[in-house]
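Before any comments, here is the structure.
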Amino acid sequence: MSGLASLLPPAAYSFGGAFEFIFSEQASNVTGGKKVGGIEQVLELAATQVQVSILALLLALLIALPIGLYFGHRGVGELLAVGIGNAGRAVPELALIALVAVVIGVGTLTLVLVLAALGIAPILTNTFVGIRQVDRASVDAARGAGMTEFQILRKVELPLAVPSIMQGVRGASVNIVATATIAPLVGVLTLGEFILNENVYGSDGVLAGAICTAVLALIFEFGLAALQRRLTSKGLKLQQASA
Amino acid sequence: MPTGDAAPDSQSQPHAGASSVSYENVTKRYEGSAEPAVDKLTLEVAAGEICILVGPSGCGKTTAMRMVNRTVEMTSGEIRIGGHSVRDRDPAKLRREIGYVIQQVGLFPHRTIAQNIATVPTLLGWPRERIRARTAELLELIRLDPELADRFPAQLSGGQQQRVGVARALAVDPPVMLMDEPFGAIDPINRERLQNEFLRLQAEIRKTILFVTHDIDEAIKMGDRIAVMREQGRVEQFATPAELLMEPATEFVEDFVGADRALKRLALMRVRDISLWVAPLATAGEPTAAVRAKLDSPEVEVRYPLLVDAARRPLGWLSERDLRAETVPERADSPLGPVLELDDVMRDALADLLQAGVQYAAVVDGAGAVAGILSVEIISEFLASPGAKQDELEAVERPK
Amino acid sequence: MSALGGLSGLVHPSLAAIGEVGEGFFKERTEGNLPCQARTSHLFCWDWATEHIDRYGTPTLQQAELVVISVIAGFVIAFALGLLAHRVRWLRPPLLAGTGILFAIPSIALFLLLLPITGRGRETAIIALTAYTLQIIYRNVVLGLDNVPGPVKDAARGMGLTSRQILWKVEVPMAVPEIIAGLRVATVSTVAIATLAVFAGGGGLGTQILGEANLTFPTAIVIAMVIVIAMGLFFDLILLTIQRLLTPWRRVRVV
């Protein structure tokens, strides 16, 4: 009793076959004549994965950022903020998704909520830490200059915490995009469809799914890295370089 | 409370916008500590003065200072700026009217120098053009190259950053400035320079300044008045630097001021404040007999005459051999040595004498003409004589 | 919400059964007479759990083994890279980017991408998990070594220590807390991610989640999940203890 491996016949994996699967339709092993693979299906599944990932990331950001900013600014709740981060890491996504599917049910809304929950921990923790790490002298000077608490947060702490916050967003994105791969378990067809149904798509499909998922995740990563560079003030970059 | 942004007038009058600051029975008890950090502090800081809070670490200087702009809220008592209680003000608005400089500077690393300086004007919603003009004016005031305006703090030296910190605090020409060990993190040479620059600046702007330090030398140099504090913000003595050095009120102050306070007094005086020796002068062509007669006069204490030109500018010391001739020669035998000015600080003058290895030197006035002679002997007699105290007090109390 | 509505039409037909199970959960009463192990709606069935706990032994050990080997391998590689980057500064951006890419690739994809090269099995899982840990550990090694204050290094140099001695006697010991912090993060994450090793044929607790019998049976999934979380906690405590032992100076309290 050892899961997938024993259920399937030994397969031969090849990148050549995988690329062929990505770019051209082919006959399925089981569905009898129904075509699988091809750029159209790949793009369709990828689009779903991108949509649920972005939605989940935005939702996570919407929840975690204000909480992290507030507690970071007030300097309270460190145990909670850091504890959530640690707890979030310990949860096995596969089990979470499977459990949600069987207990709550399938559907896009469920998926987005679960993915967002996975993204909250890293964003919350990194936002909190980022705000706490802002040089206390700058905050003191800002307060002394007559900024209101909200102005201190928005004009001083937030811009200076951008690298840390974006670190959290990137961590959340890695987690969300990866977990969105197994979304077919909650009935939402993403690129993981190729991976989870080897009997339908064959070994070429599995590898093709892996390739496409990796590419997608890297696009997210590079996109967010670029965003981080744009959002980080030049002065802050200079300071980090000289430190 | 006025917050004029008019150009500061450079008279020695207090600035029109400077306000007095008064503490009445101010107490601060931090949450969770049994003892108050500051206990019933009462202190009156006159408008346009630099008031130094000095004392050992943890005695409550920072706490006392920060209650003025309410970055620390007092537990009881009253602080008034220009007669108005700070309690009645919205803290953020109050702070925009008080300059604030801290040891760690706290420039915003993500903003340019110009943007840092413009912090408070931006908060007050000044039009862009006015902000730009004021920034340029302030850069000039702190003598910072205007090219640096678009740089970021990370691209400036520590000393330059601290000057920007001062400019940021001065941006809206606040009537009161709070400075918490502003030069504490700067190396000694640059600290000296910044101190001098700041004194020059203050002569122009005449703000009311609360200045915290734990360095007694800095206190003596910078302060119009000094409050020596000990635990819980208890003021041991509130006096001018000279009074403090001359007549420490308690043993604590005496210890704090240090055993070398006699020498420190020299830092407060200028050469013109002491009675100099009369210089026996000689001009070229004058009969040597007349010169010898001058040397014999009872009020002359040096053995050699000083050769001067027609404008009484010193040229050199005449030797015994020079005097053997019929008339005074064009050129003196012995070199002139150090020449001091009436405005030199006494401590520096003494240093010059000791460095040149001479017992005395000529002192000239602003025009370069000889005004007298200063000797090591004068200085040591001065330091030794308790009777001189009164003269000295008067001498050093003149505004710098 | 129109985007969501559109997406929900994509539910895979083969998973319709799961969907009904999900609904069944809210109609519990209708199956009230069945023994709990047969009721897929029951979140947790104690009877079943006590009877079948044995079957989790081997997968648990497999997963623990995967984690221990991967983290140790990851530590050795990342520590070496960290020392290298500490010396050769220009190597930092490429090393950070390289380990960052390995980190960003979803582990499930990485497992599968290795199949054509290393085939199905434990080794494949270990390689992928090791690659995943590199970024976290590497980052903290560099951070820890950088954080040693300049004056401390100057003092060491002044006392006549060579660069090599400074590295091993001053910089590395002082970086220990930072390095272990990285190891803790890497270890706990790896414990969770090793659940996916089943996709590489690497065994582990994922075997108790995937597979038709399990996927529709909450108790099986919950047990696997609890074991994974407990394992993460267990390794975290071990590392915390190691840190305490290695950095006694940190425990000195100012009274």
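Residue numbering begins at 1 within each chain, and the chains themselves are lettered A, B and C in the order written.
We take it that a residue touches a chain if its C-beta (ideal position, glycine included) is under 8 Å from a C-beta of that chain, and two chains touch if they have at least 3 such contacts.
None of these values were measured; they are calculated from a predicted model.
Under the stated contact rule, the graph of chain-to-chain touches is a line, running from one end chain to the other without closing. Chain centres were defined as the mean of their Cα atoms; on that basis the chain farthest from chain C turns out to be B.
Chain geometry summary: the mean Cα position of chain B and that of chain C are 62 Å apart. Note on chain placement: the centre of chain A and the centre of chain C lie 16 Å apart, centres being C-alpha means.
Rounded to a whole number, the gap between the C-alpha centres of chain A and chain B is 60 angstrom.
Taken together, the chain C residues at the contact with chain A in this complex read 3-4, 7-8, 10-12, 14-15, 18-19, 21-23, 25, 40, 43, 55, 100-101, 103-113, 115-116, 120, 185, 188-189, 191-193, 195-196, 198-199, 201, 203, 205-211, 214-218, 221-222, 224-225, 228-229, 232-233, 236.
By the touch criterion given at the top, residues 1-5, 7, 10, 13-15, 48, 51-52, 55, 86, 89-96, 98-99, 101-109, 112, 170, 174, 177-178, 181-182, 184-185, 187-189, 192-193, 195, 197, 206-207, 209-211, 213-214, 217-218, 220-221 of chain A touch chain C in their complex.
The part of chain A that touches chain B in the complex is made up of residues 135-148, 151, 155-156, 159-160, 233-236, 238-239, 241-242. Residues of chain B touching chain A in their complex: 69, 71, 92-98, 100, 102, 104-112, 119-120, 123, 152-155, 165, 168, 178.
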